[in-house]
Every structure is written in C-alpha cells, then in structure tokens.
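What follows is a set of structures to go through.
Each of the next two complexes has subunit A plus one more chain, namely subunit B in the first and subunit C in the second.
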Partner chain A sequence: MAIRGDYMNEASSRIAEVTQASTAGFFAQCYELFDLPPLGSMIKCRDGGNEIMAITCNARTSSLEPGRRPIARGKNELTEEDVFRSNPQLEQLLKSEFEAVVIGHSANNQYHHYLPPRPVKLHSFVYVCSPDEIVEFSRSLEFLTLLAGARTELPSEELIAACIRFIGACHVEPAAFTTLAGKKLAQIFTDDYQKLRTILLRLKL
Partner chain B sequence: MSLDLNRVAGSIASMASELALQGSRRAEALNAALSKYYDPGDLASLKQRLARAKTSWLVAEIPGSLNSRFDPPPPPADYRVLATDGSQIDIDRHHPARCCLINIGSVSMQYGQNPGSFLESEPILLSKTDELILKPEQGTTGREVSIEGSLLGIKRTAEEFRFLAALAGRLQPGFPALALVDGSLIMWGLTSKDIPDFVVDIMLDKGVLKYITQIEKLNSSHPVALASYISFPRSTDVINLLRIAVCPYQIPDCDRFCAGAANGERPCDAVDGVNDRELFWACLTEQQRSDVFISQSRISKTRYGCNLVYFFYLKTGNEIARVEIPEWVALKPELLAITHSLILEQCRKGHGYPVALSEAHEMAVVSGADRQNFFYLVDEYFTGYKLNTSASAKSTSKKNRWI
Partner chain C sequence: MNRQDNNKLGVVVSGSLSQGIQARLDSNTSIEDVTVGHLVTIQGNTRRFFGMINDISLETTDPGILLTPPEADEVFLATVLQGTTTYGSMQIVPYLTLGGDESLIEGPQPVKSIPSHFSPVLLASEADIELVFGKEGTRNFFIGNPLDMQVKLCLDLPELVTRSNGVFGKSGTGKTFLTRMLLIGILQTDAAVNLVFDMHSEYGWMGTREKASPVKGLKQLFPSRVSVFTLDEQSSRERKVSTDFVVYIGYDEIEPADIELLRQTLNLTDQAVSATYQLRQRFGQKWIEKALALESDGETEDTLKSLNIHEATFQNLVRGLNIICRLPFTLPHVETRAVDKVLEYLQSGKHVVLEFGRHGNIAAYILVANLLTRRIYTRYRENTEKAMAENHPQPKPLVITIEEAHKFLNPAVAGQTIFGTIAREMRKYNATLLVIDQRPSGIDEEVMSQLGTKITCLLDSEKDIDAVLAGISGKSGLKSVIAKLSSKQQALVFGHAVPMPVAFRPRDYGSAESYAQFGNASPDIKEDNLDDLW
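Then we have the complex of A and B:
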C-alpha cells in the first residue's frame, strides 16, 4: 500500500483532532471532509515529548448535528461531485471521524508496545505516521496483542488483517513481515483457530 | 393533567366540519376571483377606481399589468446567495439578571465554478442600560421604552438586516448576488400606536432602511438584489383589489355604500373568503411569478422612500410564496430576474424552501435547552461575582412542581 507523499511533512500529516479519549483508544474528527485515514493505518498523537501510537478503525461521515439527518440530493445531478457543487453548505454541515485503538507509545526515545500511562488529551492533533516510523515501531509485533484485545464495533479479524497489510506495505519485504506477523498471531490465537484462519485468509499468505 | 385533549376534541371536530361546509362556497369565490383576474376590463379605469376607493382593507396597487405571468430566466452561471435569520432570548422578569440575547445566523453561499460556503452565528448580549432602553434624543419628546417582548423582535429584525448588509459589503465584485431574509420587508410591528415615533426612527430609518440602502448602493459595482421570502402567505392584497374590480359603485366607498350590509351580502363578497395564495396557485404554472404589485401599507408608503415595498407571488413547485422586494429591485429588470431565478434555484436545492434561509435559521435557532443553558451560565458568573441569583417565588414554584 502506498503512503501518501504529502503525509511526509509535519504540517500536511496532521489530519484530525481528538474529540473523545480513553486509555485504550480515542475518537478523532478529520479537518477535511472525507479525508479519512485508511482502515488499519498507523497514526500518532503527541503527549509532551512522547508519542502515543494507534491504529485507525470505524471511520464514518455523518451530520455535525445529531438532530439533522443527511438526505438524498443527487437525483437531478450528473455526478456525485455535482451534489457538493450545487450544495456548497454540505462541507460545513458534515463531519468525517474515526476511532483509533492505542497500540503503544514512545518514552525516552524508545517505543513501548503496551498502553501509555495516560490517555491522549482532548483536542490533541492526530498525525499520520511516516513509513520510517511505522517500520521502526513494527520491529516488535507485541502491539498485535493489544490490537487482538481491542473492543471495537468492527470485527477484530478485519482490523488486524488491515493493519498488517498496511504496515507490511511500508516494509522493504512485505511478505517477510506478513509471515512474521502470521506467526505472532498463531501465538495469540492458540485457542481460536477459526479467528486465526479468518485473519490469515485476509493476508493472502 | 395540564391539557385534557379529550375535552377539546369535540370542538376541533366542529371546526373541521364547518370548514368542510365552506368548501363549495370558497370554490365559487375562487372561480369568481379568477375570472375577474383574467378579465378585469379596462385596466386604466380600474387603476383610477383603485386610487379613489375608500376601503378598510389593504389593496395592492398595480404599477404594470394585473394578470401578466412570467417564466423564470435562466440563473447566472456564477452567483452568490446571502441570508440572515435571528432568534432571541427575551428578558426573564423572574430572573435577577436583566438581560436578553439576540442570536444572528449568517450564511453566504457561492455557486458555480468555485463553490463554497460560509455559515456563522453571532450571539449579542443586551445588558447595559443604553442597550436595553431606548430614549428620545435630547430636545424631542417621548417616553423611554425597554427593549423586550415585541420590541426585542423588532430589534432582532434590524440586526438581521445589519448582518445582511455586512455580508453583502464583503462580497467580491464580479458575481451577481441575492440577499435574502425570511418574512416581510414591511416592519408591521412598528405600525402599532404604542410605538413612539423616535423608536420608529431608530429601528426603521437608522436601522432596517439604512442597511437596505447600504445593500442598494453596492449595485454601483455589481448586481445585488434584496428580497424577503414569505412561505404560505395569508395576505389578501390582490383579492382585495379584485373586490374593488367587482364593486358595482363607480368610486368604491365601504362606509358609504355597504356600512349596514352583513358579511356575505355585499357585492364584493363574491370574491371574499379566499386569499392571494389560493388565487395564484390556480393561475400560475410551476416556476412562474406574477407581475409585481405595490404594497399599500401606510408605513411603506410614508417612510420607505426608494425602498418602497413591492411584491410578487411565485409558484415554487411546492407552494405559492410571497416575495417582497424594495422598489430599486422591482424597477430594475436585471435584479428582478436574479430574484426570480435564484429564489427558484434556492427552493429546488432546499426541497421547497430557500436553502440559504433554512441554513441561516439553523445557525440562529435558540432551543429551549439553549435558553436554559444560557441562564445557567448567567447564574454561574453571578455566583462567581457573589451576586444575587435567587429567582422569583413564582419561577421557583414552576420549576419544583411539588404536590
């Protein structure tokens, strides 16, 4: 999977802001409508000099106001873009947001693949991780244990498989990384063969 | 139980059955009105009779034709629509804080090659004496009045126009624009005898009309039309005009000729019982507008000057709307065309109601919960400054609702 070039520099890699946070995860609202990070991609927030790393899941675009539901507007429009061209207010009335599962953090210039001592702060900026950061963080696969235990609306098999595919694409040898990840999953899911099989099928090993 | 609907249901049924009985009578009146609308006879003589008639009702003046109808011109490729709307929290006389709040929603939407939008709400707190009390200028007479109740509503309307003029002032020249407000351009609230003249000066001359004129002046660099939109209007200005057309007396004079006649017995009652909305629903096709008429409202005729209020009816598809425009829009074909085509476009995008007005309303609206939170916040700051926060006994009793 290709990493978007403009995510590489600091300013353009800032995509969202935390709107709800707990130790194990957080919700974030994107600055640009529909500019959602891909499922299973790696993001980070700052916490003083340290960083909190997370994996994205459960993205959605919906009305900013709970009482106002979007309605169909494109019956007489030629393209989907025309719907937004004819209704320029929509960009101000909708929001794109996503959930993130915390998979580790950095402290003293070192990555730790377990939960940080504190949750991210509300209104923390959310950055997309660079491929170098992703490769560095995923030298240890212990974060898969946290991901496997995460409680999200999404089936954990889908989330884990998407994450491994995303991180694998950042490695020079994706197949080698995926094989290592598969072995780690075999340790995690020793008593749940069905779940392990479902994930492996999604990794095309 | 606070309201026993079972006990009022019988009265509601009687009301509905009475209206149903009036159905055939209303259909006859509508047919009579339509036939006079299509065939009013000599228009010049009708205009003369209108000018000399003495009636107790508001009669539309005909500047052009009576029964012309117009299809919409195509909308410009690039254009902007502006709209403002307002809400208010009135002074709560049971609360120790004497203050009120006006919340203005502003919307600016650019359509065409570079679409974009700007939506904002601006709350304005009125709490200082000079903000809450209107006084006559030195040397003039009149008692001072407090801005609350209906006068707060009038102040809110003036603020809506102030924000609309500010939005219009920020427009980049180059594109035609339409500035929209909800409701009437005619400040009916100021026609009450209870309103002192100096208040009319402040709210109308130095308020609404000043801002409308500011928008008019922008036309030196690019076309900017202004209109107010009345959904589901109940006005009868044109029907009243047709009453004069059917009146058998050369110079209609209600007091002289029909003072003793009961309702239903006067000759003009043949077209009574329907309103302009029903008339134009029957005679306009979708997207058509009527010709323009001039409102004969006294305040418009005597004080609005070059902003004299004209109006036309428009079949948007879902309903007949009354669109009120100042004279400088009515007399300039380009501005009239923008008003017609862009209001239709706005209604199409807004599923029957101009989308800019509906978004301005959404930005402005103050819900019951907002009102409660506003007073909680006031209480919190009052407590912080060790001010009295105790409400009236009546208000406390209503909140607690003990048995």
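Then we have the complex of A and C:
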C-alpha cells in the first residue's frame, strides 16, 4: 500500500503550519483557534516527496503578542461561547499552537523509525494522519525509543502513554498492540522500573 | 525451522564449561513448563550440544520491581513484565557435542567447548534421544522414557555389565522394580548371567507392589532360563514357588573370613575374630563343629591355653557361632554343596535367584551371600585365567546382585569382603556387582567411585546424594535433579553405560502388556499363555 495520504481529504486533514522547527521536533500553529490535535496523536509534514511523522504534545492557546495577556471578559455573559460572540476580535488576537516530537519519516515509499536527515521546513503544512497510515507506521515499535528520549515540557510518561492509547485505538486489536508496545517499553526502560510502571498503569486495558 | 520454533525454549546468554550454561527463556515459554532433568539441545554455529537442565530461576533486569511488584489486579502490568523486565532463566549442563569431524563417524563426543552467545536452546527431540542413547535393539534395552517425553530411552546392557553398577534410592522409591527390570534386560539381551541374592524374595517368583496386586518375578516370565534356589523350602512351598534347589550350608564350608564379616552382626570382639583363625588352623575344616564341642569338653581350658585364647573371648565366639548354627539352613555337613550347584547352573547359562524366604535376617544374608560369592568368584577367576592362558573363550560375564549393600561394602569391611574385591577389580574376571542400597553414604568411598553406572531414585539425605555423585562432573547440577525426582517412578541414570546423565520414568512393569513386551524377545511366552498373565 502506498504510504502517501489521501489527497482527496487533504484540505480537511490539514490543521496547522510549522512555526519553529528543529531536527527532533517542531512547533506548529493551528489554523483554527482551539482546533488542537489530541495529546499523543500522530501528525505529519511533507518534505518534497517524503513525509516526516511526529507526535503532538504540549498544546497551548495564548495571546498573539507575547507580552500581552488576555483578560477575563465573561462576567456578564451566560455561556463561554457568548464571550467569543460578544468579542469577535478575540479570534484574531489569540492563537492555538502545539509542539511535536519527530518519531520517524518516510523515504522511497518506506517508513523509517528514526530521525529524518533534515528538519521540517518552516511553514510546512501539518496534516493529521489517517488510521491506515498510523497502523502501517506502527508495525514497528522502534519509534517508542525516540519518543522515550524526547525532551518535552510535559512528563514523557504522559506523552508515551497518550501516544500508545491513540495509536492503539486505530488498530483492530488494541489490546494486542498495547501489550506489544508495553513489552517494547519494558525493553527500553530496563533500568527504570518506576517509569515503566507509571506508563503501564496509564495504559490499563 | 518449524521444529525449532515449536521446541525453542530460549537463547544462551552466558555460562562456562565448568559452571554450565545460562539461557534466558523466551517470553512465550512458560517457566512452569520447564523442569529440571529435561534434556535439551543447543544449536551452536557449527556444533550441536546436548545437555540437561539442572536449575531454573526467576530473574529481573531491575531490582526495583521487587519493591513494588504489580498488584493482583494489575494484570496488564504483569503480562507486560513477563518475559521482559522479569524473565525465566535456566542453567544447562552440556554433556555431549555433535558436529566436529570426529563425531560424524563416532557419534556424539564429550563436550569440550560451549555454544556461542544467543544460540537457540531447544527441547531434545526424539531423534536426538535416539542419536545419543541408541535405538532399542539386541544390545540396547528399553528402560523407560525420559521425563515428559514418549521416546524410548535405551541402555547398552553388554556395556553396563562390564562394570559394577549401583541402584540407589530411598525406601519405597522403586529400586526393586528398577532392578527387576535391569535383570530382565540382562537376561533378554543375553549380556550376562545373573546371580541374585534375593533377601526379600522379590525377584524370583513374585514381587509385591504397594496398593496393587503382586507382580511376576523372573521365573514366571522366563521359566526355562531362570532357576530359583531357596534357603527356606517351607516358605517357598507356601508361596507356591517352584524351586530348583534347596540350599543348605555345611558348618565345614564356613571359613574364618566369613565370620570376620559378621563381626558386627554377631557382636564379636576383635580377639574372638582372630581366635577363629587359630581354631581353623588347629581343627581344620570342621573347626566350628569341634570348637562348639570344646565347650562341653573338660579339656577346654588346656586347649584354649595352648591356642592362647582367653576364656571370655572364647565364650564370645561361641555365642556368635551358635547364632550361625541355629540358622535353619546350616547343617554340620552337606553332601551337595550349594556353590557347586549354583556354578553348574550359571555355567549352563541359567540365571539363579537365591531366595532367603523367612531367613531374610541380615546375619543369614551376609553369611550366605559372602560365602557363595567368594567361592564363585574364585572359580570364575580360575576359569578366566585358564581361558586367557589357553586362548579359550572367556566365561560368560556374571552379575551378582546384592541388596543392603552397605552391610558388605561399608568402609569397615569393604577391604575384607569379596564384594569389595569384585567392585574394585571389576571386569577383569568377568564378574561384576549390581549393588542395591538405600543408604549409599554407608558404602565405602573407594567402592562407590568404582561403580560404573549408577541409577538413583529419590534421595533426601545430603550425605547420600553426595556419596552417589562422588567423582561426577557437574555434581551440583545433578544434585538438584536427584533431590527433585518424584518419590515414585522417576530415576536418574548416569555413568559408564550412558553417554550423559538422564532422568527417566522407568517403563511399565506389572500390566499384561508389559509382560508381553518383556516376553517378546523370549521364546518362553507363547500367545496362549497370555491369558494367564492377567
């Protein structure tokens, strides 16, 4: 099967744009305010004919201007939606962005579960991966090593557990995948049982 | 490849030739299915190794797991940890290797190397077992199945009888069954003739079984090739045993050396023992009769004085001699000597079982066994030497079976008894021992070390296990195997006649099929007799 995503759905699966990039990860800003991909979900960027796969983490919504913090506006509103309806400028003054950890890439129509030769380009589009792609990519669990070594603001246990839950849900047999992934983690964390235990308890079937 | 996948247990991770090989169990192999005593093969790069599992352990990559193990309801956690962070490990002792140039012609060779890292460890297949232990045939006798396997484990009996051998095990672990089977094997393969000193009348006609009907003895299975001698005609008649000869021992057949062996049993002093030699010298062959007559004689004191024997010593000796004379099978003089009769039968190729009937006390047993064996051995030695000198075929190998062997072979008497000599000099004169005992630690170390093949059932006592394993390489490993044998129907065989130690379940004995199988090689059992076997 071709690993390239379905171009018909390209518009709908395109959710963000890269705003800062390095080899191991990147930041992306969502096109729609609050339209953030869930923690641990799999996204991809294109680099010429190849794709760079990443896992989302550390999403946040904040003011466009770094020095300017939003103020509370809903005192007289009935619902939270009313706040935005009464202040239409808010959508222009706020941004939703997230960080992504690179977990592999494709080259020559084949997935590789290690870092790509170059980081993604700035302003690359960020697409949500389809379940088929996710299943195909996760046939090898080597990407968990990259994920386990990633330096992120949030605890890596949370990220890894969220990622396995997300990918597992795309599989026909989530339990089998989760067990396999767990065993892979046990190999990675041979000398850190407490961390392993923390992750595994977050994967409870 | 398929076979490999099905039987693969794990991979080699470390080890040494002296300490054995450590293999990590595959995550899909349940440690509970792996048992000590299992035979395994290790497929190295260029050679194949045969070995035995002798220890199993649970390991972990991170000791932290022991502080916070998964809770009972954390099934997923436990599943993931199994085979990864926590894993099973087994210790394997390699014994044989196949694959070098020499082994292609000569079969498996003793191991001098170890397999490389990550060589797969497989359960030994039936073909492997046959390759190592041979197929059932004219020389190879089927003795049982390796633990948890269906393949027939065979013993090269002509090879077995070239050395003295031992069967050991706690009381009630199946020594007698094993021995009976070995005797049948020796008979069937025609490897030797048997002389069995049957203390509890278990081998000749009928044997007992715990919680089951009695089993047939040798004579019932092979009537034309086995003769039963008895010391207790009445007991034999009551048990409806057809005996071939009733044994009586003449006082004039008993030598001081026979008395010496009975020193402990008869509670004789050292002086009393040395007095026997003086009496023998003075009175000749009828020394016992005359010595006992002295008592009622008025000249006793003078005679004793001239012999330099103290009165108390003499009384001590007389008490001992009286015990012997009170044995129902002793007479002042016997016309047909039992030893001649036994030899006659043995030389004609018949197997002799000597039943003790009700006289199974230890004094009678030691006296008769020692007395007969000493003379038979002398005759065998003469015949063998004669055959060697005249280039005749040598006499048929003789296997003498003794029970309660520690009474004959304990360190105090092993140097003096004929059994000690046979065990040490072994095959030179074609006579060897089959020693049966429940306390191998009581047997002289030197004799133990000379036993070629040892078959041992369960032993508990550390001393006994050590005694059985003395001089064996990989002792510590086999120790755990012996201690973990089931108390019934499991045994470990190692030594001269087997290329490597193997734990096995002895073949069935006691059912009609088993009799038929044993009888197959014998012309004695005919189809129409089979009904009687039930």
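Note that in this section the second predicted complex is superposed on the first by the 196 of 205 C-alpha atoms of A that agree within 3 Å, B and C clash if a C-alpha of one lies under 4 Å from a C-alpha of the other, contacts with A are read in each partner's own complex, and residues count from 1 in each chain.
Throughout what follows, contacts are C-beta pairs under 8 Å (C-beta built on N, C-alpha and C of every residue); 3 or more make two chains touch, one makes a residue touch a chain.
The structure presented is a predicted model; accordingly, all values stated were derived computationally and were not measured.
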Clash or fit, subunit B versus subunit C on superposed subunit A: fit
Subunit B versus subunit C as contact partner of A:109, first or second or both or neither: neither
Touched partner set for A:203, first subunit B, second subunit C, both or neither: second
More subunit A residues in contact - subunit B or subunit C: C
First, second, both or neither for A:68, with subunit B first and subunit C second: first
Included angle at subunit A between vectors to subunit C and subunit B, based on C-alpha centres and rounded to the nearest 10 degrees: 160
First (subunit B), second (subunit C), both or neither touched by A:183: second
First (subunit B), second (subunit C), both or neither touched by A:87: first
Touched partner set for A:79, first subunit B, second subunit C, both or neither: neither
Shortest CA-CA distance in Å separating subunit B from subunit C in the superposed model: 50
Shared subunit A contacts, counted only where both subunit B and subunit C touch the same residue: none
Contacting residues of subunit B [partner subunit A, same complex]: 107, 109-111, 115-119, 349, 351, 355, 359, 362
Sites on subunit C touched by subunit A in the complex: 27, 61-62, 64-65, 68, 70, 74, 76-77, 79-81, 83-85
Residues of subunit A touching subunit C in the complex: 178-179, 182-183, 185-187, 189-194, 196-197, 200-201, 203-205
Residues of subunit A that touch subunit B when the two form their complex: 65, 68, 71, 73, 84-89, 91-93
